[in-house]
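This is the structure I want to talk about, given as structure tokens.
In this document, chain identifiers A, B, C and D correspond to the written order of the chains, with residue numbering beginning at 1 in each.
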Amino acid sequence: MPHITSASKGVFVIAVTPFTDTGAIDMASIDSVTDFYLETGAEGLTILGMMGEAPKLTQSEALAITKQTLTRTGDKPVIVGVSGPGLAALGELTKAVMGMGAAGVMVAPPMGLRTNEQITGYYSQVIQTIGTEVPVVLQDFPLATDVRLSIGALGQIIEAHPSIVMLKHEDWPGLSKISDLRKAEADGRRRISILCGNGGIFLPEEMFRGADGAMTGFGYPEMMVEVCRLCDAGDQDRAQDIFDAYLPLVRYEQQPGVGLGVRKYVLAKRGVIASAAQRNPGTPLPPAAVAEVERLLARQTKRLHELS
Amino acid sequence: MPHITSASKGVFVIAVTPFTDTGAIDMASIDSVTDFYLETGAEGLTILGMMGEAPKLTQSEALAITKQTLTRTGDKPVIVGVSGPGLAALGELTKAVMGMGAAGVMVAPPMGLRTNEQITGYYSQVIQTIGTEVPVVLQDFPLATDVRLSIGALGQIIEAHPSIVMLKHEDWPGLSKISDLRKAEADGRRRISILCGNGGIFLPEEMFRGADGAMTGFGYPEMMVEVCRLCDAGDQDRAQDIFDAYLPLVRYEQQPGVGLGVRKYVLAKRGVIASAAQRNPGTPLPPAAVAEVERLLARQTKRLHELS
Amino acid sequence: MPHITSASKGVFVIAVTPFTDTGAIDMASIDSVTDFYLETGAEGLTILGMMGEAPKLTQSEALAITKQTLTRTGDKPVIVGVSGPGLAALGELTKAVMGMGAAGVMVAPPMGLRTNEQITGYYSQVIQTIGTEVPVVLQDFPLATDVRLSIGALGQIIEAHPSIVMLKHEDWPGLSKISDLRKAEADGRRRISILCGNGGIFLPEEMFRGADGAMTGFGYPEMMVEVCRLCDAGDQDRAQDIFDAYLPLVRYEQQPGVGLGVRKYVLAKRGVIASAAQRNPGTPLPPAAVAEVERLLARQTKRLHELS
Amino acid sequence: MPHITSASKGVFVIAVTPFTDTGAIDMASIDSVTDFYLETGAEGLTILGMMGEAPKLTQSEALAITKQTLTRTGDKPVIVGVSGPGLAALGELTKAVMGMGAAGVMVAPPMGLRTNEQITGYYSQVIQTIGTEVPVVLQDFPLATDVRLSIGALGQIIEAHPSIVMLKHEDWPGLSKISDLRKAEADGRRRISILCGNGGIFLPEEMFRGADGAMTGFGYPEMMVEVCRLCDAGDQDRAQDIFDAYLPLVRYEQQPGVGLGVRKYVLAKRGVIASAAQRNPGTPLPPAAVAEVERLLARQTKRLHELS
């Protein structure tokens, strides 16, 4: 199966992990949600992301989900999140998922790294552990990791490790980071793929700044596909029109903690997963939030109709 | 001049601090921006907020700005932020600004407080320092203070200190906190005013949940005034229409760090402050960001026209 | 094999994880260091502690080490650290090690918990996950976890969950917490065992305040055994004499990061592990530090001779 | 009055701020404790340090204390802590205290700085604000500031700003940082003075590594003076003997929060300040702690007698 490269682009949806109402993994819903993501036009998937429910899985469950997803995606690339506190476990998991056919692995810096030297040193250890043949996505997500990656340190890491082919960009604010990276490339540094996160809440600006696509979750991934397509085609205004129609929900779904409940509610409502249940500990969406989401969905439908 | 009370409502704009291009305080722009805020329909102002440029002021400058603002606002209430690491300085500043005619003071918990007992103990010390006659706004802003105030601890503070008459609500996600507070009041606890922050990015939902208004900054405060007015009038759909038209800019201006540059750029462009300059250290808005803001403004104008 | 109870006392040594110079687990050294700990008079062991090298192990390695240790300790109790970001993995590991004969599990709160409600809620979820039959040690170690457990929240947890039979006490400063816990017990709350950490650097004071022993690592565990024995016997001065003789090294070994290198250096020098090597990433003790340790050891030997 | 230079050495005691039992500043005790510090052999003083009670002072109180201290110290150098969240206030305070005759100012990085670039940028702004003529002490105290200064970033700051003549070293663990700095100087970088903090708990090792003295507080500053003198004279064993005699108390006084109460208790007992009171909020030393301190003091006296 294909590996990701520094030329990868488009939308890689961060896949939800479907559970039954009793907390068991729902393999049938893995199939249906995978199909759904690809049918919306996603270029690939990312699974076992750190902000979702991957930390709630046992190791064998994580591997079972990976296998199920890879079987279903066929020749579409799947990136697997392998971030964790220890290098040995990270190496073991990387070997396992690459052996199953993953397209690459995603590694966020562990909490507690502070100085530039600690962060660049960490990625050297990661590459030493997993080898230079595995394509790596560097996840830059300070709101979750509390690790701040300066443009200088990021540049050093990119220059030192050619197997890091992609940046999952979710610094906030982070627009200037995209511009700075592209400028360094214009000045001669090797290019990397930049896919953006943060629920897509800056997707039009990110694309105009030079991003290659999105890697995030949202209940309507077709929005991200369409916005990326229109930006690539140079139709900035139409891209922003589509984006704006979904923005009230994007904003609502981006709330930390609550957001995953919203996403699963929307996906269950759309029929692509059987249950919106989260494994314990998980916050079921309270009735007041359900009402707010429903209101936003009704308005979104109306606004999209006006635009069509 | 009037004090705030637990019945205060409407929009209290967090005022920017205008500087000249060389970093001096621009007293004339304080007058013009104060007039502007009140002309848009704001109920009052809040100055020396912790996320703006108040920490860049000397103590005498802070007092001079307070005096200038209070002179200009007449009988409209002005809340003054007095948060700081030490109680003696907080007490001294409170006494000074209340003597000048402030309507109340706003106090955020200092960084480093963790347990419920530390936080409730801190507010007891504050009230002991400033006395029980000064109306207090409790600022709950974890993204900036890194202090997490549970609904339980918040309730204890409200019950212990009647002079805390208002909550500046900017927990994120924080919608359920509003519902929980209102429910406790329905069950018998004394009412407090809840004004919401976070750049207004959840203002419609917050108003529907029971908030009394907004206390935040935004380049177009008239949006907040109109949304609050429509929500009070029960016209939820029109409120959300107006809100949605401004949402792309609200989102853009809410970026930490960059946001203040956007706000000052907009206010300078609108002619209500003479310069968008920030005192050192401040990030001037880079050209790429200026272009993005201008694009959003043009679209905003067009969308508002469609709605009118 | 025996379970720990609220009456457990004495020294539970936090065992090092021995590696060969190439980073493989050194099973023979697990045997020899286990024998050594028990021969010094330790009441039991604690393995897979969060501050050591447990995070560097794969899951199968962690289980292999547990099995090897349990085989060697015979009827002496072994507590196994099972802290981790996810409840499912924590539950799976608990079940596995209790099935192998562990005496109990140790659980620290995950980084990021802030309010009292979050912390008490977490321990409810843990007990719900592993059941009420497994004896649990609550590890209160804010320097490592950044979680602050107030005496109020700790009391609520103790009252709610009888299966939490022991506190690994390493708050800093934490002496008053011991006094507060013992006072609450004098006032009627059920008793729990309190074993102290932090490298033993407050062991005499902790014992005088009512602790039941130590649970920490140190290159000379016989010091902790002797200090606990003398404190139990009421010979405070002799206890402090012995403690003071080792204190310069205790202090040196308590340095975060460097400390583990010191401990392994001492244990290798004493012949109880074959190599002082740490698995990657680990800081080998630099020559200047080796010289400092050797100097402290020579002085320690001399001082102990004077005291004998 | 003299300025500190990169050749400054010896002990600069971090002075306590004496209050009366009602929380007023005790000017007479400022005189007596200042005399006491200098009589013990201290080379100079440091006042308004960030870990003491400086944040509890109003600005006018801080200036009054500075004036009183400078009047009393005569030609001995006094360093004044000016750290704070804002550059304008920092600049104003620096100007005021240098005008009064301070020997230099001490600046710690504000909480929240993360990347190397943020930290080096901050010190550039500080020097730009206060000018290049004021001697500066860089305070590297991660336990308090949560800012991690890598040896690389520290080197860049030293090279960029010749007016930074001294490092207050209290990284932990930090011994290798001293060795690294001295090595860089041996390789050609300009020398800076290194005075060590952390209550002196690593003072012998720090001196052997190349430190120039101590800058910290302790109830018995004569210990630090004597250890530094003996280390300078090459008598390492005698230095460590003296140090070890005080170590149990050093360790006890180093407890965060509690430590200041211990220090003031000891100084009041020694008759150099009138009251051990701390201004609100401050923790009075509980009876159990008083008993522990008294026990340590009695043993310390006995041990020093054995060594004399």
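Convention: a residue touches a chain if its C-beta (ideal position, glycine included) is under 8 Å from a C-beta of that chain, and two chains touch if they have at least 3 such contacts.
Since the model is a prediction, treat every value here as computed from it, not as a measurement.
Chemist: Could you quickly compare B-C and B-D and let me know which has more C-beta contacts?
Modeler: Most contacts of the two pairs: B-D.
Chemist: Starting from the Cα centroid of subunit C, hunt down the chain whose centroid lies farthest away.
Modeler: The most distant chain relative to subunit C turns out to be B.
Chemist: Centroid of subunit A to centroid of subunit B, CA atoms only: how many Å?
Modeler: Whole-Å distance between the two chain centres: 33.
Chemist: Subunit B to subunit C: how many Å between their CA centres?
Modeler: One centre to the other, that is 48 Å.
Chemist: For subunit B and subunit D, let me know how many angstrom lie between their CA-based centres, rounded off.
Modeler: 39
Chemist: Residues of subunit D that touch two or more other chains: which are they?
Modeler: Subunit D, residues with two or more chain partners: not present.
Chemist: In the complex of these two chains, what residues of subunit A are touching subunit D?
Modeler: Residue list for subunit A touching subunit D: 114-118, 148-153.
Chemist: Report the residues of subunit A in contact with subunit B in the complex, numbered from low to high.
Modeler: 172-173, 175-176, 179, 201-202, 205, 208-209, 236-237, 240, 244, 247-248, 251-252, 255-259, 286, 288-289, 292, 295, 299
Chemist: In their shared complex, at which residues does subunit A touch subunit C?
Modeler: 55-59, 61, 85-89, 92, 111, 121, 125, 128-129, 279-281
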